[in-house]
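Note that chain A is present in both complexes that follow, paired respectively with chain B and with chain C.
== the complex of A and B ==
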């Protein structure tokens, strides 16, 4: 039975024969040794730089240790302390807010930009490049730049607001406990919305022109085209982008560290900055490891739940 | 033998000679690695090491200046210093908050007792560096004091202002400065606002006895008679209340809590947009005075009670250390012996603009190395004294609690009473070994 690729598809009889002749596990491994050789470097790197440090973090979280002197076993005491630590809960709350807002903002804005550019608006190739440009900037450069833009007295943002008569809106963007986290989230969205844009744009442009033409003939509106054609067809890519962005945002550290160091008064502290301060500024390596383990568990759980939720939604669709 | 052959033989002979000679000369020279902080101290260290390298071809030191202060001070002891292939010696902050005590306890540092000679350092410095086991593991490089309020003399003159002597005058100055379109006082949030400023207020709100007691009574070994003093006493609560008052009365620049990049408050001052800048004595002779295109003056925060315990606090932990687990410990000690000698100290001070920690260098030499502003700062300290800074004595968990409590008070997240209670709880936890 020829397929579209020109190969013969297996017949039911052939499949049955194949099943009978199926080799044992070891035999299968032996037959695929060359593929395992390809996987081996990545696997080794994962074990060395992910699994082993993770194990060490968990191990260390059971001790009290200042980094240099002998450590003392304290069992689950560090985790018990976490529950009573209001700064930990604050940092966790900020991390979740950051992750949700940055993911919605980045992927949402990226989708809107991709939709607009896919309609071949005049200058679309310039927009595509311009919106992607911030993604290529190093995070620390972006952060240092925005610290100056946000500066309350003579920063570009407040100066611009004053110049156009909107001085009342000028704020201490990074110096206010109410605004600091939101200001950082805005920078994150600004910098990274270009990435989902470029990926989603590729997915949108991969949709067959015939589908669009059929929709046009059927009199489908632009909104209907987006809702009923584009989004369902790029759904797997959209889900992947959302999950990637969510994981990326839950791990946020550098942007916050450079812009506010988690301040003022811990109002923008996230788990990453909290962990750093505990380990390196306060020399509580055991406790910081407990934060790291909690952070891993939270990221894993949130990502897994979200992925399952979206998968279930996708199947229903 | 033709000329080609002679040339070839000569070249071969030269090559052989160089191959034989190279390892011999390389083996004679000891190469040491040294780390230092960027900025004034890095400049000073490099200048002193240059003098050493010129005079000592058999021991050459390469100074690796660390640009990122915050990351380096936080991570170096457990990473590059603890590593067997780490530096042989370093410039460092020898205080509990920067793992100095832990490095000693972990036997990472070499005892430098023999580098101390009678009359070389003030007794306070000697006491600071003498550990309970009687040994000294660091040699002081310079002394700095903090905080000073530097002001733009041109703005003050234009507005008819004088450096304030009372708190009412201080707030009146900031009102006039604001009314004229300038920001009042700019400083780095993480150090200036929640660390150096509380230090200054402590010296003014606490009595000498209270200050000395609360400097040590977080320790499980604190003398019993110090335990009667608490953060929750009225003088302790007043520290937080005064800090809040300074913010509420508009003395701090707008958005002060967002100044996490040291260049931001500094540039506000240098560019003439803020009239005052709070920093340490290092700014009196360093980059700040060079960058400012106007005359700089300084003043101290006014007293809160009748007798304040010094106008500023002193920081002596800046020091040189040598690491024990290294192949060339004796060579490293020789280098530190030079750095702490009169010649080394003068080379360091001349390049860095920092104040020499030794007391046996003639006053006229010291004066010739300083800017007029630094000379005045030194004279003030000689006249009025400067107690050790709180931050040079307490462990990192206490310092962190102080910064967080002050931050909460300044941004409205806690009352002065709540902040004082939290400090007292942190002390009690520390006393119980937590």
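== the complex of A and C ==
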């Protein structure tokens, strides 16, 4: 992307004038006032509703505050408490398990589906449409729907199991401490595997037909074709889908909130729901902000590393 | 070539039929719950509990009527629906306007601070929205924006800005400058040139940006849950989340819930159907950004 470079790196001469002659810089700003006007609405919104709240969140995490009474400065006390809070560790643990399992599930399944329909199987556009359909559903709808599918007595899943004589396998899917998190992860994979599928399919279809034909003529088996040709060629897309899915899954809230609210007995609580309960059910706003800051640290790091990676990759090409 | 093709087909036939079977099974798994959702919305509560798999041969519209006029829940779906439409439309208008202006400036730069502005957008992309929840709640309280649809529009537009602006900039980088320069020579201001020359040609790009964002705005729950507690301003996701996940037998409004869910997703599915191609392109571009 040659144009990118033009914008990214000012010429050495330009940098020098900026550094040496301040009036030149002011002149440059004055001449570009119209561009600042173009940027103004977006950056006004970002400062008001993102930067300022972000600062307030860090600030609040140093206080104990119930919302109405004056807040009390406690330094890093909230973070010390966080460290000893086994429910926080539980929520963090569930979040990581959720994110990793859901990522492997969606990207893995998405890859398999993309491979399966990539060779123009009969009706492949029907499959593509069908597999992408759940991605379009609002997460609240998916969650509310699956609550009724998982329901122990009349739910679709247990009814189906009983109907085919596997009634012994019927479980209180969301009511069991052991099964709740896994059940929610399954729903997440069910809903979102179509997304990596669409993107990976586009990448696979981008591989030129000659490559496939050459491989076929050379007697490469289907498995060999996947392993030695397709996967290496779509590897960058695969990595990028994995990280996007991971970041997305770390932010899980809606699914868990609507399906179990983190229960039973906190067995499916994730950072999002834990933060929400601490703030808006127990009014521990300072402590909730500490949870938020911890969450920020994790997600921000993963995301930022990813964009650096992508940028670095873009420069190399 | 034809010979190689038939040979290939013969060699992979067994695994191919297996793949076909698995694909069909998985398609049923993916689609049946959605079909179940629609079927169930046409059934009475007794039917839902006793015959979950049956096809509603004599579909009842009762659930829909009750949802529309409030019925047993005293909450009219129409209000939720209108609120969601207003919030979504308003958010998208603000979002597309602000992001296209900013994206245009960043594409036409460089000027002092343009590199920094791009870095800020990349950093903002990495901010998880959860960290904003508590401060936004109090800040909106101070500003009088709690329970305000305008507040939600401004918030959603902001949350979508970093990503959309980066996409808009990429679009304008490939937009030919000659047209604008001609207009500038004719005495147009920058904004004039943008409005008269760039905007009319870029309608397609604006539409794709709106399409990329419509899904999450329509479905947003996390902020709506704390910022909208007055009945009159609630949006659809709140209406759905309000049905407590208790055992089915004790629910007396299960049919209505399914009616609300189907009315919530129908607009999105129609949308998806109409704009399939753009959505796929947008998704792919976004994912590879």
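Couple of notes before you dig in:
Simple rule for what comes next: the second predicted complex is superposed on the first by the 248 of 317 C-alpha atoms of A that agree within 3 Å, B and C clash if a C-alpha of one lies under 4 Å from a C-alpha of the other, contacts with A are read in each partner's own complex, and residues count from 1 in each chain.
Please note the rule applied: a contact is a pair of C-beta atoms (placed from the backbone, for glycine too) under 8 Å apart; a residue touches a chain by one contact, two chains touch by 3 or more.
Keep in mind that this is a model prediction, so the values were computed, not measured.
More residues of chain A lie in touch with C than with the remaining chain of the pair chain B and chain C.
Using the contact criterion defined above for the overlaid structures, shared-chain residue A:38 touches chain C, although it does not reach chain B. By the document's definition of touching, both partners, chain B and chain C, reach A:280.
Touch criterion met: A:180 reaches chain B, while chain C stays clear of it. Of the two partner chains placed around the shared chain by superposition, neither chain B nor chain C is touched by A:98.
By the document's definition of touching, both partners, chain B and chain C, reach A:153. When the two complexes are overlaid on their common chain A, residue A:310 makes contact with chain C while staying clear of chain B. Legend: residue contacts after superposition of the two complexes on their common chain; A:144 is shown touching both chain B and chain C. With both structures placed on the common chain, the touch criterion links A:259 to chain B and to chain C. Residues 144, 147-148, 151-154, 174, 259-261, 276, 280, 285 of chain A touch chain B in one complex and chain C in the other. Across the interface of their complex, chain A is touched by residues 4, 8, 12, 15-16, 19-20, 22-23, 26-27, 29-31, 33-34, 36-37, 40, 48-49, 52-53, 94, 97-99, 101-102, 104-106, 108-115, 117, 120, 122-139, 154-155, 157-159, 161-162, 165, 173, 189-191, 194, 215, 218-219, 221-222, 225-226, 236-237, 240-241, 243, 245, 247-249, 254, 257, 261, 264-265, 268-269, 272, 276, 280, 283-284, 287-289 of chain C. Remark: chain A residues 3-4, 6-8, 10, 18, 25, 28-29, 31-32, 34-39, 41-43, 45-46, 48-50, 52-54, 56-57, 60, 113, 116-117, 121-122, 126-127, 129-131, 133-134, 136-141, 144-149, 151-156, 159-160, 163, 174, 190, 194-195, 198-199, 202, 213, 216-217, 222, 237, 240-241, 244, 250-251, 253-254, 257-261, 271-272, 275-276, 279-280, 285, 288-289, 292-293, 295-296, 299-300, 303-304, 307, 310-311 touch chain C in the complex. Those residues of chain B whose C-beta lies close enough to touch chain A in the complex are 71, 74-75, 77-78, 82, 99, 102-103, 105-106, 108, 183, 189-190, 253-261, 264, 268, 273-274, 396-397, 400, 404, 407-408, 410-413.
Across the interface of their complex, chain B is touched by residues 66-69, 87, 144, 147-148, 150-154, 172-177, 180, 259-261, 263-267, 276-277, 280-285 of chain A.
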